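Every chain is named by a letter (A, B and C) in the order it is written, and numbering of its residues begins at 1.
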Amino acid sequence: MSLIKEISIKSKKRIELIDLTDKVQDIVSKSGIKEGICVVYSPHTTAAVIITENADPSVQKDVLAKLNKMVPANAPEYTHLEGNSDSHIKSAVIGNSRTIIVKDGKLLLGVWEGAMFAEFDGPRIRKLLVSIK
Amino acid sequence: MSLIKEISIKSKKRIELIDLTDKVQDIVSKSGIKEGICVVYSPHTTAAVIITENADPSVQKDVLAKLNKMVPANAPEYTHLEGNSDSHIKSAVIGNSRTIIVKDGKLLLGVWEGAMFAEFDGPRIRKLLVSIK
Amino acid sequence: MSLIKEISIKSKKRIELIDLTDKVQDIVSKSGIKEGICVVYSPHTTAAVIITENADPSVQKDVLAKLNKMVPANAPEYTHLEGNSDSHIKSAVIGNSRTIIVKDGKLLLGVWEGAMFAEFDGPRIRKLLVSIK
């Protein structure tokens, strides 16, 4: 049994994390699949999927601040004319998907974990693909 | 056919790589599953899973040294009060899981590859989830 | 139904991205599998798999330039005697595989996305494993 669904996302900032854990869990619950793996996939070259703490918001703030320091919006080595080289680099390095184990119909996330869409070139209309296998 | 198992881990340092290849292979062998994919998942927001060389220990040493240089324990941009922002950032960027192909009942790792639990905020009692599908 | 295939690669530079999207799609098409997930896996400790834009070549150029700036070929903290510590670090951080959803017999990649083998210690003869489940 398998299933593929799409979540529509409207990002509001250039760079932000959007917690989609509840929406992904909802897809898993409605699928009726009790055990398997769930692939959460961003089909965008300037976004990514990140699993990180969804309790204290300072964690997400620090993750983005450090990412912007490592891969700043502007750098002398960038040649891509659209001006979003940093967005592509962040996406390529972090990866555009994460895989979560499903057991008893639940995403087997840790207590503090949330599945986040990582926008690196917003605001934009985006989508997240969810596949359960 | 699918299976989910847990490996218990006791890390000894703040930051270290713990090779779990044999334990993961053991789970695959006992499962009886001959072909599929194996998801190795850390349900922690301050740890990750890394596949890297398990032969010469200088490789793992260099990976951790560079990670600490890119994401140091202390930095002016960190705001998270628990003092482990770097652990969360390393975990989020590297990713908390890796997927390995299984063939003939064996993890299809390269000759020099090992599957490592990456502790970024130890010492702690941790766990690794292993799902075979 | 599942399938594991191998793609042979001959890299030409020390560091380069090699677009293998068409070859992976060809394996999916020939497999007859219409829906599932496709794991693209590099069994090498000095290479990785990256999904990034395959339209404007300046994007790939910028990704590699920034990676070389973050993890340069030489650094005082490297101790590994083979002289390819940077290759191992890039591989470990980026990850040696990517997972792509398959629907209607097609890789569900975004419009601009390509699946690339990331060579970090070439030129070499390499291989990429493709598993469809």
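In the analysis below, contacts are C-beta pairs under 8 Å (C-beta built on N, C-alpha and C of every residue); 3 or more make two chains touch, one makes a residue touch a chain.
In this text, all values refer to a predicted model and were calculated from it rather than measured experimentally.
Colleague: I'd like the angle of the rotation relating subunit A and subunit C after CA superposition, in degrees, nearest 5.
Modeller: C-alpha superposition angle, subunit A on subunit C: 120 degrees.
Colleague: When subunit B meets its copy subunit C, do both sides use mostly the same residue numbers (more than half shared) or mostly different ones?
Modeller: Result for this pair: different.
Colleague: Roughly how far is subunit B from subunit C, centre to centre by C-alpha average, rounded to an integer in Å?
Modeller: Here the centre of subunit C sits 20 Å away from the centre of subunit B.
Colleague: Which residues of subunit A are in contact with two or more other chains?
Modeller: If we look for residues of subunit A contacting two or more partner chains, we find 37, 70, 93, 95, 99, 133.
Colleague: Write out the stretch or stretches of subunit C touching subunit B in their complex.
Modeller: It is residues 2, 4, 37, 39, 41-45, 70-71, 75, 77-82, 85, 88-89, 91-93, 95-97, 99, 129, 131, 133 of subunit C that touch subunit B.
Colleague: Contact residues on subunit A for subunit B in the complex?
Modeller: Per the stated touch rule, the residues are 35-37, 50-53, 56, 58-59, 61-63, 65-67, 69-70, 93-95, 98-101, 103, 108-113, 133.
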